[in-house]
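What follows is a pair of complexes built around chain A, which joins chain B in one and chain C in the other.
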Partner chain A sequence: MKFTKTFMATTALTMVAGIAGADHHMAKEMTIVSWGGAYSKSQLKAYHEPYSAKTGASIINDDSSAEAVAKLRAMNEAGNVTWDVVDVVAADAMRLCDEGLALEIDPDTMLADAPDGTKASADFGDLLVSECFIPSIVYSTTFGYRTDLVGDTPPTDVCAVFDTDAYPGKRSLEKRPINNMEWALLCDGVAKDKVYDVLATEEGQNQALAKLDTIKGDVVWWSAGADTPQLLADGEVIMGSTYNGRLFSVIEEQKQPVAMLWDAQVFDLDGWIIPAGLSPERQARALDYIMFATDTQRLADQAKYISYGPARLSSAPLVGKHAELGIDMAPHMPTDPNNAKNTFLYNYEFWADYRDDIDAKFQAWLAK
Partner chain B sequence: MAALTPISRKPFWLVALVVGLFGGFIGLFVGTANGNGPMGVFIGAALLIGLAWFYIYVLKDERAGRGITFAGLGIAGFAAAGMPGLVLGAIFGAIGGWMIYWMYEGRYRAYVPPYLTAGQVLWHFTFRVICGAIFIFLITPILVVLPLSFNAQDFFTFTPEMLRFDPEGYSLKHYRDFFSNNEWQRSFKNSLIIAPIATIISVTLGTLAAIGLSQSHVPGRRAIMAILISPMIVPLIISATGMFFFYSDVGNWLEGLGLGKTFVGYVKVVLAHAVLGIPFVIITVTATLVGFDRSLTRAAANMGADPVTTFFRVQMPLILPGVISGGLFAFITSFDEVVVVLFVGSASQKTLPWQMFTGLREQISPTILAVATILVFISVCLLTTLELLRRRSERLRGMSPG
Partner chain C sequence: MSETGQNTGQNGLVLAADGTPLKKSLARSLRVEKLRALALIAPLLLFVLFSFIWPIGEMLFRSVDNRDVGEVLPKTVAVLKDWDGTSGELPDETVYKAFTADMLVAIDAKQHTKLGRRLNYETSGISSLFRKSGRKIKKLDLETDGPFKEALIKIDKKWGDVETWKAIQTHSVKYTDGYYLAAIDMQRTPEGAAAQSEDKRIMMTLFKRTLWMSMIITGMCVLLGYPVAWILANLPARSANLLMILVLLPFWTSLLVRTSAWKVMLQQQGVINEVLVWLGMVADDSRLVIINNQFGTITAMTHILLPFMILPMYSVMQTIQPTYLRAAKSLGATNWTAFWRVYFPQSIPGIGAGSILVFILSIGYYITPEIVGGAKGVFISNRIAYHISSSGNWGLAAALGAILLAVVLVLYWVYDKIVGIDNVKLG
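Let's look at the complex of A and B:
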């Protein structure tokens, strides 16, 4: 902690003096771990390139976020942590924080204030779900459908997924219970505010699985975010769930005949953690990067490249047009009022408590 | 090849049977693609049998018959499915027309020995068909990748434009991405750094080990051999886990000596890959040493050459083919390897397979296919060069290339 304090002070001083590039107490090179694909590209454009230009630090990308928890554990055990900043979903950040693998962050001293002087803790608000986690985006898991394969009445309701009479054809769902169980209950007549109460019970879980059972033969299960876009482009499925940014890219960048079904989208957070136990130089560099990459302007900049909502309140008004396509990004954000009529927020506590249990049941059901 | 057997015309039923089978087989694919396999089989068989009957009993002009089949099926294909239909229809027509006369005139019999029974002739051709099918089965997955890598879209999909041979549907953008994207370039460079160095280390150590182990007086030869080739037998994931912890310590120690983090990272990956490559070198070199005449080394020693000179002037040139093929295996092992490098390497040592692996999982981008095409091309060139060199050296040594 003494190191942390010393180098927090260094970081603060650097910011004041504005000479971060000339600071000799920071590592020159850093490894940033993220998800790859279009998402890493948006970070490269919005964060990495401006940061390198400003400070001269060189950034190496490692697309290993999918196995971040396991790899960080192994690195920690081997005493050889090679990562400096890691992009993870909120649930993974919580696990890493609980295990002491991530550095605790004090938002008001380690993160930049909003331009109007609002403290970071207020600017991020409720999205600071863990002591170690600095959220950068709000994304949603939602459905896309092939406009040319759903007939004359395109679906407007998430329950179309379970309606194989009106919409015959394959649909792709993620190979895990999270989200699928909620959607199944919602479409089996459970009221939205009761979904987690019902899902906490044995009968509720069976009810959800029974509902999923009605479409089991029509489901293609995906495990990587790129699967559903590929399946939709092939016309192999008529609708499928994936992250909204992937669907944006399919629709607007690849011009595929696909449309969004925002109904009952599930919000989740993605952001940064800094691994615990870095050398002082590397930690100083990581903190300096985080301070830069999560300020109001940078978060708004990322939305120019990918349709994920910035995690700061103060960034929302700054969201502009897509950097290459020139279209307005605001209507494509999951948080846009038109898209967010009916939404879920990923229920961290519920899934932290029930995940292992329901996972086992879900896998057993899949194997049946 | 000269004809071996005088030929005669064959009865219609035999022609009908063979061309019917062929037509049915092709019809199965066309039919399945259109959602009705059995119907396709029936139409394909009936079409060719009908044409055979028409040519044999009505037209009686081979040149006209084959021309009609070729052009007619091409046009029919074009009407049904556009450009790809034209090509496929014309190919089917050309083969079908040729086959009708090949059967009817009995030409299939001309180049097989005259004493074969009907059953043996049948097996003669069935065997070739089976060999061809196996060949297609092996090569198709590689060939499918080639056209897809020129896709104008970012998906692994044959778009309608591509099937129409519309230039709009093709582009070089995935190749451009590979050559301009920093991540791909860096990983390509890393592969080109790591694989050759690992190869040199494994060839050197592997050859020495093989020569040592081929001496009859070495105690515990078999046990040592078993240990040395164990990286090839132990499941890679287990080696990788062990290597991760082992090389973490090695790396920390090296960094403690004041060496740079990136340099140490390369050393770790190169050493790990060298370990994986050594078994291949040992096995190929040991196999070559079996045919090596020991009396040559004794003769060299008799003439006053020390062991090192003997090795480089006498033994090495003779076992070179084994060393080279072992080296090639070691190179490919390192160049293809993804599991160990994922464990041992850090992001600055990201190799090409690692980049392809993450690219495939996180974003199904045809850049991977472009890279695969380039790699296939490089491998073909490499193997061709090697084969040409081998033939040349055998010719120089007065042996016939085999």
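Let's look at the complex of A and C:
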């Protein structure tokens, strides 16, 4: 009896609070999906906490980004989409957009202008790679190497990966064709602007695999972003590819004898999509969150917690110091001019077209 | 007869107390009983039906389902039927017009890019063709902008490529065997089923590897588990219980933790190699490669699946009377003969049960091979996981899953023929 009373009273209170606190057309609660770990933490600090403080909306976190496409498809088929905002890489955003599972975004009306009045479409520029995608960070897949295991001449060129004479030892590469095929062609003498043209042909794919074949016996293949940092820290490999933020934490937070090899780093984007088919209240809430979380200041804030570059041009000058280590973050950004002397932009259209085909080839080659 | 008169009807039928024929009455009460029993298991039955059988059936259905093409391009599929792709000539204006009409509807419903993704599984490049052309076709007017053959080819020259239309024609059937063909390294081409080009054949390698390695893992589990189960069954209850906890301990630890622990053990700078180098048994520059290959997968999976082998063996061995062994020895058998001729045959049901469990579990494993298997120690399930969560090709994943399921059932049947499923005991 007492329990029932308390329960009813609480419910009533919650309802009153709910009615009083809500912008009546917006949902009170939202589920945000991201990658978990240090990355989600940076979003929590830079976006979620200030947003909740400002609007009173409560945010539920779900670390399911790795399966976002499969889960959104299943939710859509079941007719019950439980996510409001989802953090995905650009390639996944494109797929979700293609399959009609993500909301199309008009950057100039749905996203905030830069402080100087520049429209969002210009501020994000080329990074708006899909109609449904709101980029938040630029990250790169690049190499790190053990400073104590590479001899007196540390590598400065990505082709050191393929040079087992000068740098004997194991190297770790991701267990998929993307990025590896491009690096192989680059180091086999193909000009940077021709890489994807060559890779579209049968001969080009064979050429890339032949180049990879020269180091096949020295490669440890990874499938999770945390693998290379662990392999480097244990001295299992002398160099390896992974996301630049992971290398930053190995170098600056864990103080391991590891250094960055920024040459031919492959730029990729990560950002938000809003699932299609949300109720008007939830969609309004999601759009309100996105407007807030992708403005110039918020994107710059995230860089205080993790070394990924903000996707807005106007955010770059605002990038400050690391929140805990107190070091300048700008030199650790993949977009910093010193690091970005030679970069490579992931070609989304190409991989959307050729991934199935090249992946089958790559896996068959791996199994040989 | 007269004594039972009140219970016998006019035509000699035995009647129940209420006057209905006993047979009928009995059937009714049995039916009620059956219904009651059914009602008791109904919650579980419904649960299994809706949360297990139905979703699995639904998923397996995707392996043949190909309605997308016909639903998005109904008019095109209808007129494309009459086109002869082998002639080498492009389809005529009616096809292009029907296609434009279909596309205008599809673009409105945002279905065209989805279709592009679907056809891209078969022919690389169609995904971006549909996406890019969609933006321009949207602006065409069905009344005024003809002829559409020129208009479409102007938008993208691939619409002037016979192969594009062949791909649409070939894959416009409602139900397809294309996914199953892809799952066994073949493909559906306009000319019929054909072998996949050699440098893309991967599935059969993986199926064979999965079965072969699962058998090795099962064998290792039998070899390692048998003595343990024997000791457990023959120790006094107190010490046996203590040892049992050690066997069960791994169950209480997360699978990922156990697998990652093997990484620490097996890698080249890991515990085993360090010890061997320290002992001088292995030179520092030629450390053993015992992870990221098949050895790593077999080691880690044998460890993880071992309890599933020990438990059924233990429970069967517990029921074997020690007096049989003593009797055999008193009749003059050596230790070995007593074990081999008397004890071992009685423990076979346990080995059978454990082997089925371990084998079936291991052919479906994917996390452990993914972490410790490197390039050559991964299973077919890793490919299924890839197609479910990365490539999005659920049809192919479903076909691979269906084949795996069929293989298990066939092996189960073979096992039944050879060993006999009645000989399997879980306890």
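Observations on the model:
One rule holds for everything that comes next: the second predicted complex is superposed on the first by the 346 of 368 C-alpha atoms of A that agree within 3 Å, B and C clash if a C-alpha of one lies under 4 Å from a C-alpha of the other, contacts with A are read in each partner's own complex, and residues count from 1 in each chain.
Just so we're on the same page, a residue touches a chain if its C-beta (ideal position, glycine included) is under 8 Å from a C-beta of that chain, and two chains touch if they have at least 3 such contacts.
Given the structure is predicted, the values throughout are model-derived calculations rather than measurements.
After alignment on the shared chain A, the placement of chain B and chain C results in a clash. When the shared chain is aligned, chain B comes close enough to touch A:D63, but chain C does not.
Shared-chain residue A:G100: touches chain C; no touch with chain B.
In the superposition on chain A, A:A226 contacts chain B only, with no contact to chain C. Contacts of A:D234 after superposition: both chain B and chain C are touched. Of the two partner chains, chain C is the only one that A:R355 touches; chain B does not reach it. When the two complexes are overlaid on their common chain A, residue A:Q363 makes contact with chain C while staying clear of chain B.
When the two complexes are laid over each other on chain A, chain A has residues 66, 234 in contact with both chain B and chain C.
On chain C, the positions that touch chain A within their shared complex are 109-111, 113-114, 116-117, 120-121, 124-128, 131, 196, 199-202, 205-206, 209, 267-270, 292, 370-371, 374-376, 383, 386, 388-389, 391-394.
Contacts from chain A toward chain C in the complex involve residues 66-67, 69-70, 73, 95, 97-100, 170, 175, 206, 220-221, 223, 234-236, 349, 352-357, 359-361, 363-367. In the complex of the two chains, the chain B residues touching chain A come out as 153-157, 183, 244-245, 248-249, 251-252, 261-262, 265, 346-348, 350, 358-359, 361-365. Those residues of chain A that touch chain B in the complex are listed here as 29, 31, 33, 35-38, 60-64, 66, 74, 77-80, 82, 224-227, 229-230, 233-234, 253-254.
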